[in-house]
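Take a look at the structure below.
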Amino acid sequence: MEFGKQLRLVRERAPLVQCITNVVTVNDCANMVLAAGGSPTMAQDVREAAEAVQSAAALVCNLGAVGAVASMLSAGKEANALGRPVILDPVAAGNTELRRRECARLLAEVRFSVIRGNASEIRALAMQERTGSGVDVSGEDAVTEESLPRAVETARLLACRTGAVVAVSGPIDILTDGDRTALLRNGCATMARITGSGCMLTALLGAFCGADPLHPFEAACGAMAAMGVAGEAAEVRRIKNGTGNATFRTDLIDAVFNLTEEELNGGVRYEHYQG
Amino acid sequence: MEFGKQLRLVRERAPLVQCITNVVTVNDCANMVLAAGGSPTMAQDVREAAEAVQSAAALVCNLGAVGAVASMLSAGKEANALGRPVILDPVAAGNTELRRRECARLLAEVRFSVIRGNASEIRALAMQERTGSGVDVSGEDAVTEESLPRAVETARLLACRTGAVVAVSGPIDILTDGDRTALLRNGCATMARITGSGCMLTALLGAFCGADPLHPFEAACGAMAAMGVAGEAAEVRRIKNGTGNATFRTDLIDAVFNLTEEELNGGVRYEHYQG
Amino acid sequence: MEFGKQLRLVRERAPLVQCITNVVTVNDCANMVLAAGGSPTMAQDVREAAEAVQSAAALVCNLGAVGAVASMLSAGKEANALGRPVILDPVAAGNTELRRRECARLLAEVRFSVIRGNASEIRALAMQERTGSGVDVSGEDAVTEESLPRAVETARLLACRTGAVVAVSGPIDILTDGDRTALLRNGCATMARITGSGCMLTALLGAFCGADPLHPFEAACGAMAAMGVAGEAAEVRRIKNGTGNATFRTDLIDAVFNLTEEELNGGVRYEHYQG
C-alpha cells in the first residue's frame, strides 16, 4: 500500500470536498480538509446541496447533522449520478429511533464509497442491513485484539451488503472492501478526549477519495493512516509541552498540515489481515 | 467544601452530559466536558432529544440555542421524570421579548437543579419569577463588592422560587441554594474577552452535577471553582507566552484537562457568605 | 489614512456587533470581534433579529448563513432605519441559483455600508446589479497585478450602484467607495489555508464600522489593514514555531488582540490607486 502517494494526490489535485456535517465539529472538519491540501465547502441547505455537489470532487454525509438528511439524500443521489464518491459517517447510529430510521433511508437511497464509524456504529449498520430494521446495538465502541475477529466479520458483512469500503476506527482500525482487509495500529488515546476525531477523519476520507475516486480502498487506507500518524505526532507535542486536549486538537490538524509522504510511509503500522 | 472531591467524581464516573446549546460555542462546550473527564453528547433534534437524555447523566439547556426550546422542554421533562439534573444557562435572558417568553416557559415546565448566568441574566429571571411577566432588565453584568448584597438577595430569591441552586458568575461568583450562600473569587479578566466562558462553565456544571446528582450545591461549587482556578492558570500562560484571547481559550480548556485535586483545593478562594 | 486611529476607536467604543453568520466560522468571528475590542452578539433567530439590532452598533450579514436571509432582511431594515452600518459578506455569491436569488433580495431591500468579498464574489454581485439577474460567474478568486485594473473597475461599479464601500480581499486588497480607491498589500498565503479568514475579516469590518459609523471607507481600510498586518505576524509565528494552519488561525486572532496602533501604522502597505 502506497500511503504517501495517496497524500500526494490530495495535495496535487486539491479536491473540493462538500461536507454535510454537524455544527459541533464543522469548523474542525473544514480546517482538516484544508490541512490535507483539499478545499472544503460546507453547503448543506436543501435548496442548493445537490447543485453544490456538481463542482465537488467528493461528498461527506455526517449523521451528526441528523436534521439535514434531506440534503444528504438530494446531494448523495446527485453525487451518485455524477460518479463522485460519497462518504458516510453514521454518528451515533443505532442510539435513537430517529438515527436508525435516517440511516436506513440513507443506505437505501445512496450508494456510499466509504462508510466510517466506530465499532458500535458499524455494528448497528450491519445489523440493520441484515435484519431490515433498526436495532439498538450496545457493546464496546473500540475494537480490541479479542473482539477483532468478530469486528472484521461485521465490517466485511456491511461492505458486502453495501458495496462500500468499511472503515472501523479505534485503537485498531479495520478497513475492508469485503475482499481485502487491512489493519492499522496508529493513533493515541488522547484522540478520544477531543470532540471531532471521528468527524475530522471522515472529512479527511472525503479529501482522499476526492483525489483518487477510482481507488476508495487505497484512498481510505491513506486517510486513516494520515490521521493515525498525525495523532501520534500531536501526542508527542502534548506530552512535551504539557498541554491538554484543546491544544491537542489544534496540533492534530497542524500535524496533517505538516505531514510528509516520508513520515507517513515511515510511521504507519499496517498489516494485511488474514483471518 | 471539598472541591477536589467533586473533580475526582467527574473523572471516576465520566458522566455523559447532553448539551442543548448554541452553535457559537458548542465545540468548546464539548471539549470542556471532555477536559473535565465527562463525555458530551450534543443531540438536540426535537425528534430525539428526550430519547437521548435517557442515557445521559445530566442535561444542559443553553438559551443561546433559542430556536431549540422545544427540545429543551421535551428533554427537560424527561430528565425530570428520570431524576437527572438539568442545568439552565439563560443566555441574554431579558434582552428580547422572545427570550423573556422562552425563559418563562422553561421555568414553568422544567425543574432545574442549577441555574447559572451573569448578574443581569439572573436579575432578569428573578424579576420574571416575581412579577410573572418578562421584564427588560438593564444594569451591570458583573457583581462588584458594592452590588454584592443586592446580587446575593436576588440570587437567593430565584433559588427559593425555583428550587434550583443559583450560580452568578463574574469576578465574584455567587452560589446559593437559598439557604447556604458561597462566594468564589477566582478567574481573570481575559475570560470576558473570549466567547463561551459562560457556556463552557455551564457545560462543566453539567459534568459535575452528572457525577454527583444528589449534591447540586457542592457539585456547582466544584465546577465554578475548577473554572476559576483554570482561568488563572490560563492567564499565567497567556502573559508568559505573550499570546491573546484565542490561545487563552485553548489554554483554559487545557487547564481543566490538567487540573489536579490538589491544585483545585489549593487555588480556590472560597468564603461562606454571611449577609 | 490614519489606520491606528481606527483601531483605537474600536477599543475606546467597544461596539456591540451583531453577526448573522454561518455555523462554520461563527466562533472565530465572535472571538475576532472580541480580539479587536468589540463585543459580539450572534443573535439570528428571525423572531428577535430586528429587536436585537436595536442595541447593536453594527450588523454583519454573512451569506454563508443562507438559511437566515429572512433574519438578515428583518435586521438589516431595522439597522437601516436606525442608521447603523450594515456589512455584507456575499459568501459564494453566484455559485448557486439559491445564492444568486438571496443576494438579489438583500441588495434590493437593504442598504449596505460595506460589501466585502473575494474577487469572484464581488464580480458576481456587480454583474447581478448590472444585468438585473443572477449570473454564474467563474474566474479567479484573487486579484493579481494583471487583473487589477479590471477588478478595480468592477468594484467601483458595484460601489456606485449600491452606495456601499466595496472591499475585495486577497493578496492585493481593493477598497473603494466609487470615488476614492485604495490598495493594501498585506497578509500571507496561509490565510487561504484556514476556513474563515474572509468571515473573520467581515466581522472585523463590523467592529470598525460600528466604532466609526460615519466613516465607512476609513473604518474599512482600518479593518482590512489590521487583518493583513495580523496575518503577517501570525505567519512569522507559524514559521518560527513550525506549526500549521490550525495554530495559525489561533495566532491570527491573538495578533489582532495584541496589535498596537504603532504596529498597524508601521506595518500597513497602503497606496492610493490612480487608475
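So that you can tell them apart, the chains are marked A, B and C in the order they are listed, and the count of residues begins at 1 in each.
Everything that follows uses one rule, which is that contacts are C-beta pairs under 8 Å (C-beta built on N, C-alpha and C of every residue); 3 or more make two chains touch, one makes a residue touch a chain.
Since the model is a prediction, treat every value here as computed from it, not as a measurement.
Counting every residue number used by either copy at the chain A-chain B contact, under half are found in both chains. Matching CA atoms, the turn from chain A to chain C amounts to 120°, rounded to the nearest 5.
One inter-chain figure worth recording: chain A and chain B are separated by 34 Å, centre to centre, where each centre is the mean of the chain's CA atoms.
Listed for chain A are residues 23, 27, 249-250, each touching two or more other chains. Those residues of chain B that touch chain C in the shared complex are 22-25, 27-28, 66-67, 92, 95-99, 193-196, 242-247, 249-250. Within the complex formed with chain B, the residues of chain C that make contact are 23, 26-27, 30-31, 34-35, 40-43, 45, 47-48, 51-52, 55, 249-258.
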